[in-house]
Structure formats: C-alpha cells, structure tokens
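Next, two complexes with subunit A in common: one pairs it with subunit B, the other with subunit C.
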Partner chain A sequence: MVQDTRLIEIKDVCKSFGDTEVLHHINLYIRKCEFVTLLGPSGCGKTTLLRLLGGFETPTSGQILFDGADVAQVPPYKRRINTVFQKYALFSHLNVYDNIAFGLNLKNPEALGAKSRSEKKEEIRRRVERMLKLVKMEGFEKRSVDSLSGGQQQRIAIARALVNEPEVLLLDEPLGALDLKLRKEMQVELKSMQQQLGITFVYVTHDQEEALTMSDNVAVMNHGRILQIGEPKKIYDEPKSAFVADFIGESNIIPGVMLEDDLVEMLGVKFPCVDEGFGENEPVDVVVRPEDVMIVGTDVGMLTGTVESVIFKGVHYEMMIDIGPMRWKVHSTTMQPAGSRVGLTVVPYNIHIMRKEA
Partner chain B sequence: MKRQWYAAPYALWMLLFTLVPLLFVAYYAFTDGSGGFSTDNILRIFQPGYLPVLLDSLRLSLYCTLICLLIGYPTAYFLASRDFSENKMLVVLILLPMWMNFLLRTYAMMTILENNGLINMLLEKLGLDKVQFIGTEGAVLLGMVYNFLPFMVLPVYTALKKLDARVIEAAEDLGANPLRVITRVIVPQSIPGVISGVTMVFMPAVTTFAITRLLSNGMIYLMGDMIEEFFITVNNRNAGSALSLVMLALVLISTLLLRLVNPDTREGRA
Partner chain C sequence: MIRKSRGAARVLKGSYLALVLAFLYLPILVMFALSFNESVSRASWTGFTLDWYVQLFHDQNIINALKVTLEVAVIATAASVVIGTLGAIGMYCMKQGWFNLMAVLSNIPMTMPDMVTGVSLMLMFVFVKVPLGKATMIMAHIAFDIPYVLLSVLPRLQMMNPNIYEAALDLGCKPRQALTKAIVPEIAPGIVTGGLLAFTMSLDDFVISYFTSNTDQNLAMIVYSAARLGVKPTMYALSALMFVCILALLLIVNRRSGLEIL
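Entry: the complex of A and B
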C-alpha cells in the first residue's frame, strides 16, 4: 500500500543541456511504495527527469531529496535505486545468471548476510533463482542474453534490477519494444510485482493507457513542465488543460466562450455545464470525450451533423461527424451509416471547460 | 550474370598470387635440390642453430605484441571516450603512420637512432657520450612496435566505440564504481577487439625481416631474415620454402589458439 512518507522530493529542479532548458522548475514528491508514472510525448523531459533520479545527470539547479537528504551529486552506484533501461542494456558478455547476479557480486558478503565467500555465493544463487522464478524465467541461467527474445530480455532486465532489492525502481519505457499482447501481460505482471515486493516504482512512458492502467499517480508532462499530477481517474475525468485532455484519451477540443457560471457557448449553441469561477465572456477550450457524445434524432439534438466515416473498433464504432465548422469524433455502440444526418447532444457534467493555454 | 561471378577477378588474383605460389612453396619444401621427395628441409628447424632463431622470433614478437597492447589499449580507450569522440583529428594522427610504407617508417626510425642520427647528434651537442642504439634488441623492438602499434589501436578502438553507453550506465546503476565498470564491463566487452589486435600485431611481427636488418645491421637475426637469406643469398629454395611453411603453420596454430579464447567465436554465440 502507498504510505504517507515522502521518499523522494524533487524541489524546483531545472535542467539544461547547453542553451536548451529541458526541465523547467519541476516539483514532485513520490511516496513510499507508490507507482508513479511520468507521462508525456517524446522530448517532454520525462526521461531526463528519470535520469536525474538515477544519478546519470545532475540538475542545473534545485534539489532532489531522498529520505530528506540531497542526493543531486551522489553518483549512481551509491544510490539505493535501480533502473530498467529502455533497450534493456544487458551485459552481452555474461549469461542470464551472471547478468542478474552482477549487482549482488559487487556487494560485501556482510551486506548479503553472509559470513564467507562461499556463503555469499550460495546466497546469491538463492536470490537469483528466486528472481528467475518471479519473472518466470527458470531454467534460463546458462543461456546467453543475445539468444533471448525481446520479452525475455525484458524480464531479465527487471530481474537484474529487482534482485538488489532497491527502494526505488526506475523504468524507462520498459515495454516499448514489445508487441501489444505481451505488453498488456507485462503491465499486469509489473503491477503485481510492485505490490508484492512493496517497492516504489517510477515509470516513464508515452502510452497513456499504460499509465492509466498501472499507476497510483500520473504526472503529465510537456515541454519540460509537469502539467498535472493526480490519480489516473481524476486526470482522465478532470483534465486541467486541453493538452492533458487530448493526451490522456481522445478528445474533441472546441473553442468556446464562458457566458456565465454553468453556461458555455460553442459552435453558436449555448450548452449548460457544471463549471464555475470563470470570468464573464471569458474565451475557453471546451473538451468533450468521444464516448460522451450521444447520438439522437436530428429534431432533438443540440447540434446536427453528417456522418463522414465509420470505423469498427471492436467494442464500439468510431464515427467522424461533420458539424459544419468542425468535425467531432464520436464513439458509440450503435452504428450510423456514413452520409446519414444525426443529432448530437452532451449532458452538462460531460462538458469540461479549460482555461486557454498561454 | 550471377552475382557470384562478381568475385571472379578476386578469385583469379588469389589463385595466381596466393594459391599457386603456396603450392610451389609446399612442393619445394618437401623436395630436395634434385626434385626427389624429402623431409630434410622441414626437419632442419630442429637442427642446432635454427631453433634459437625461431625462439628469438617468437620472443621478440611476443614482447612487441605485449608492448603494443600496453600502449595501444589505453590509447584506444582514450580515443573512444566520449570527451574525444568529437575529435576525429586525434584518430587520424594515430592512423597517419599506417598510410606510409613501412620501409619508409623504418628508415625514418633508423635516421633517428643511427650513430650519427638525431638522438646522438643531440647528445653530442650536449657534451654527452654517444649511445649505440643500432644493433640492440631494444632498437629492433622499437621499430616493430612503431610499425605495428596502429594495428592494435584500431581494432580495440572499434570495439570500445561500439560499447553502448547505456550498458556502462547499467553497471553503475547496479553498484559498480568507476574501476569496477572498467574491469567488469569495459574490458570484458572489448576482448574481441583485443584478440584481433593481438592477431594483427603478432602475425606480421613474428615474420619480421627488413626491420631487423635496418635497425640492427644484421646483428639480430630472425626467422624472416633467415628465410630471405636462403632465397636470395644462398639460393636454396627448398630450405627457404620449408622454413616458410613452418612459419605458416606457426601463424595458423596461434590464430586457432586465439579463436579458442575469443568469446565471439566460441560456441553458442551468434
């Protein structure tokens, strides 16, 4: 379970490479046993933030506290953190067993609760075997890592990091190279490993679905800034900006004007909503999820449009509907043939109002 | 035209200038002056006066390989390190001597070491005694190392350059301090480069001939010199061919031995 103690605190961290600032004043805390995901498009700074935690980069300014102590200048090999690298970075000169045992071999016998070298060896063997069992790779000890498939290499990379019993595990897009089915399986397995072992996970991905599935908390990043931090459901239901709304799930983003509390005008139509506290006639972005648009008869719809295209997506149909000034993406379990006229309506609590991004 | 025919010019070249001469060498090695079959020339290597020359050749070429490794590895490491990877000029400087004929390089070395050479002129100017370099084993070794060093640097440099920065980071991440990163990851992963460097230095070193004559005035006499003498001076093709064949066998055996220790060619590896 996520505990209340703050294990890692990132305070006002900036990072520049030469003249380009890739992280702007990042503030974030990570609690013990929490699964935190840094989510954003490529180039948003999420990997750089992870590398700062791992000790592979040092912040240009700001503090990174680990259990209250500043670790900004502590080299990676002295941190109680391990990393699963994007392309696994396994040691090709060592077999599976020696890859996993690499970190343990570097430790003193005492650190492993052993009194002699032979006891240490025995303890390492026990731990490596337990790890191989955890990642379901028993019997692969003597195999060369080059002979493994992507999914298997991935498991070895996870085992190699976890065997050291780190307080924090950093994962840099660890499932990026796997096919969809394997990726879904590994998502479930990673989450259950994290809960089983009680280790804090910091996970980097650009896949919003992955982030929503596994995380306790998600930090959405863009252009070196954290735009929103929160529980997956909260971020999905109440995105703070049009970018977050668009990045987390699909969205129709419509320019509108807030007429008064609980009333917004978009596409020339007044929609009742549940948002308050905006200025009168303040221009806003209105976000409507495709699954929140209801298709009704043309006589009762708040808007009317023509179905442009229909794609079968398995559970639902995805329709592009031309409503004059723009097109809306609509998800529905009932199909309307292309070319047909439909009415569209949205209930007030499914309308999300965003302040215009500066 | 089928694609394999594109290799025809090379195949013809190999046939004419490698395979056919090799057959001649083998023929002369196993015959005596009158053309009858004989193993005398091959067994000559075990006669007194021959074995010491062979051992000297082996000893000097091993020294040369070792010195090249000791100088070449750190040089390659330095060149491949991230701080200098931008600086292609340094790599070019290392490789520059390779582009010149080795005889020219050796003559250059000779003019430096000679009794009236650069170093001794300098010593004289300073009022010091001249030093006899030419004729010493050190001078020959210097010439060999000077000639063959780039052949060590280049393969090791290539191997180190291929090393993934993430793999080094992974080692640091797992608790390896900078020294451990070198001993447990960088060196083991560069072994294939070291092996090919050792091969490329040892092979030409063990058959060296002109370097010895230029830098020792014939005082140091190695297998290469002996073979040359049999062919050119003594005009005994049979003995020269036999000794060449012995050297060829030696080179083949050492290649095979090196293959055994090379993790890249061991069984179970792609």
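Entry: the complex of A and C
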C-alpha cells in the first residue's frame, strides 16, 4: 500500500512564537499513501507541526517540500491538502450538503470536468452523494449541522475534507470528543477509508493506543522534538528512550548500570540482556513492560516482592508488587492475592536498556 | 395565621408590581388616549377621532422630518453595520490586552451622556469647519451607532468555532472569500441584531441630532420645538406612532437575542 516516493519532506524545520521555540529542528518525511501519526503529550508541538503542513503557520526556518517543491510560504488554499479540525469547524449557516459541497463550489467547472454551470452542479451532487455514502451519512443532506451528534459532525467534517480529493488529509485529534466505543469504531473506519482511497493521512493524537492501531508509522514527540519514528510494533518493542517507553504503553523504569555487553545490574541483581555497545559501568535506564514480568515461586525468582494491590482489568490482572526499593507494575492472567510473597523474573530480550536522557 | 400573612404578602407584592407598571405605562396610555380625543383640551373627553393622525400626515414639516429621520437612520445604520462588523472582526483577532482596551474604549461612548457626545461632536465639526447639516448629523449617528453593532457582533464571533476562518482557507477560499463566505454568514444573526439596535437608536435620538444639525430636523427635534409653543394633539399622535415603531423594533431584537440563547 505505502509507496516508496516521498510526498512530503520536512527538513530542519524550527518554529518559534515570540521567544518560545515550539519546534526544534524537525526532520521527517511522509510517503505516498502512508498513515503517519504525530504522537505526544499536549504542548509537545504536534499540532503546530500539523498546522505548518496545512499552511496555517509558516516555519521560522527550514523547508517543507511537497513533491519536491518548497511550500513553506504557500497559502492553504493553494495546497492540495485538506484538514479535519479538532472541533470539526463545520459551517453552522449551511446544511450538511452545502458544508460538504463548500470546497467544490469554489472550483471552476473545468476543474470538475464539467462544461457548464448545470453540469458542475450535477457533478457536485454526484460527489457529495458519494462522500455521504463513504461516511455512512446518506439521507442527512438537508439536516442542519447543529442538529447532529458529535460522531455525525465528525463524519461530515471528514467528508467535507475528502470530497476535494486532497493528496494529504491532516487530522487534528479528530476523535478526541467522542466516547470510547464510538472512537474505536471510527478508528477502524478511518483506517479503511484511508486504504480504500489511497490518500496520505497525517494524524495528530495524544492517545498512544489510537496511534498504534491505525498508523503505518508513528513519530513520538516531546518538547518540540521528534524522539523516535518507526512502525508501531517497532516503537513498542524497541523504544529508544525511557520517555518513549513510558508514553507508548506502560513501563517500569528502573535505574541501572551496564556492567558489560549483555549484562545489566539493577536493584542489586545482575540481569542478562541483549543490548550491546554501552560503556563499561555506564548508568542507564532499564525499561520492563508490565506484561513481560513473569511471576514465579519465591525460590526461583530473580527478585522477590510482596503483592500490594490487585485490580481486575478484564483480560488480565494488574498487580502492584513491592520489591523493596521500588514498586513494579505487573500484568498477569493469573491472580496472586494481595499480601502474598512472589518471585519475579524477566527473560533477557524483554529487558530494554535506554541511555540516560540528558 | 401563617396562611393569612402569606395572603397579605401576596397582595402587597401584587400591588407593588401594579404600581411600578402603572408608573411606567400609564403616562403612555394617557398619551394614546388623548391622541384620539376630539377636544384640544387635555381636561375633557369629547369623543373619539382620528383627525389628529390625519392632520399629522398633512403637516409638511412633519413629513419632511420623517424623511430626514428615516434617511439619517438608514444611512447611519448601513454605515455603522459595515464599520462595526469589520471592527469587531479586527478586535476578535487582537491579543487579549489590546482587545480589552478596545472593548473599554468602545463601551465608553454608550455610557456617556448624550449631551457630552452631542456637544463634543458639534465642537469637532466646527473646529474642522464642516458646516452643520444633514451630513454631520449622519456622521454623528454613525459614531454613536457603532458601539451597538460591536456589542452584538462580538459575542457571535466569540461563540464561533475558532477554526472557521482556517477551515474556509483550507477548502479553497482566498482570505477575502473566507470573510464573505464563512465568517460573515456565521455571525450574520449578530449583525442583524446590531443593525436593528442601531436603527432604533437613530430613530429616536434628539440630543445628539440637535447639536450636530442645523436646519434639518428629525422627528424628535420637531416634537421638542413644537412643545415649546404649546403641545398640540398632533404631537400626541406622532409620539404614539414613534412609540409603536420603536416597541416593534425592540420586540424583534429581544426575540432574536432570546432565540440565540436557546
């Protein structure tokens, strides 16, 4: 699906508002038909980066290449990019049909392959109907947008953007205002729309699960920098820093010391691991996922601890286990009662070593 | 015992309300009644007549004043709607500090006594050597109408989704198109309300018009100068008609803003 040609290239882009730098030397490329997610906590600069792509802001320095041409100074109405805004930004003075037709009405008849005004009108009607079908909102043409629910407004906002056949669709936390169930449904629908239409999607969210579910590639951001770019599985399995590990899924982060290649010491115990290339006795952060900790008998565990609390989470139990200097979060399908003594062990390839963040 | 005092309280409450309403509306009712009285005397009711209303529309002075009033109100409303709406959009785009400053500056003229506005405008026109007349009256009306337009357009802008302008650009509008095709239609209800308010204010203004005009008189000025020579029943009829018109306009404004709250 994802093609190899680079559609958008962001080269060394910085953006400041007054004295505050919100984007710091951003480098990123986006390929044709790719679903890229910018993921990070609020205030990390992800929305600003999206607004640069949309043309609503201009970079302080650096280049934004679209098909090889620098578009940093090109206004939004000249870009082949459309946006789905955070709170939809539908036009409340227009009904559903006219909202979707808004962009097409601005175009010349020739641009729509029509020879006359009446042909243009007919073509617009055809395209709007097709979009309404795509977002499953047929029959809502004459409704006022204010009478729609949040989920329905969301669909109209997506249709209004997609009907212009953009090469790139930008989505700014589009599912943020929906309830959990609707959000999950829309995630699946958005992904299938993207694959069906073959359009590049750039998606902004702070929800790591959303990012992992839908994306071909995820860029994790914090403090105006991209910390890691990669496929969801790769980012989850091989986070490059403690921040990424913690933000993508849950983690136990333990200070440790790298004794030699493939051997780390933490909590006074030597753990074999699979990481190499660190300095001898280099202090590191060790990341262990809660689901990677195995509960075993106290006699065979590498560590021992006391179960402090147990929460039933549906598929698994989440246990907080007190192991002296700190507490670990452990996920397991079998429950250990609170107060019991347990042994804990972690296999080498589930131990992730991170360089200390500056 | 308790029931009795409750009853007393209710009577007291009712009569108080009746007193307030009577104080406000009885004079107007009396004026309406007298405008239909056959006798010139205010003391005796001799029979029902519409003569005063007929006379009113045969009085060339009054017809002229009506023309001046409408001309001034229509032009001033149109101009203040354009200036006020653009001003409101400009203020909306300002940073918080400047916005607050502008909001205060544009509110002061509304609370200022008409006398002050009238005299200062007159002085300014004299100072820059613009002869007083219909044109200066229109300019003065535009000046005091603008804050009313601002006041009804700004809340609509603040209620609007902050991304509307950008959404219009995104869908292919040039900046000016985004203004006319997206922003203005979105805030149109506020613009109409502002226009109605401005029109009402222009229609019944006396003090500011008196200071900024010369021989061109509007209806309020006619009523005032007639009163000095002894009030004739035609003036009751004229005042009654003005009251009805302004009441109608205010009812429309109230209904509109009521709808927006819903």
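The definition used in the following text is that the second predicted complex is superposed on the first by the 358 of 358 C-alpha atoms of A that agree within 3 Å, B and C clash if a C-alpha of one lies under 4 Å from a C-alpha of the other, contacts with A are read in each partner's own complex, and residues count from 1 in each chain.
Rule of thumb we're sticking to: a contact is a pair of C-beta atoms (placed from the backbone, for glycine too) under 8 Å apart; a residue touches a chain by one contact, two chains touch by 3 or more.
As the structure is a computational prediction, the values presented were derived from the model and not from experiment.
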Overlay on subunit A: subunit C relative to subunit B, clash or fit: clash
Which superposed partner A:Ser147 touches (first subunit B, second subunit C, both, neither): first
Contacts of A:Thr205 with subunit B and subunit C, given as first, second, both or neither: neither
Contacts of A:Asn164 with subunit B and subunit C, given as first, second, both or neither: both
Which of subunit B and subunit C A:Asn82 touches, first, second, both or neither: both
Doubly contacted subunit A residues - partners subunit C and subunit B: 54-56, 75-77, 81-83, 85-87, 89-94, 102-103, 106-107, 160-161, 164
In the complex with subunit C, residue positions of subunit A that touch it: 54-56, 75-77, 81-83, 85-94, 102-103, 106-107, 160-161, 164
Residue numbers on subunit C that touch subunit A, as the complex places them: 161-164, 166-174, 177, 181-182, 185-186, 188
Subunit B to subunit A touching residues, read off their complex: 164, 166-167, 169-177, 180, 184-185, 188-189, 191, 263, 268-270
Interfacial residue positions of subunit A with respect to subunit B in the complex: 54-56, 75-77, 81-83, 85-87, 89-94, 102-103, 106-107, 144, 146-147, 160-161, 164
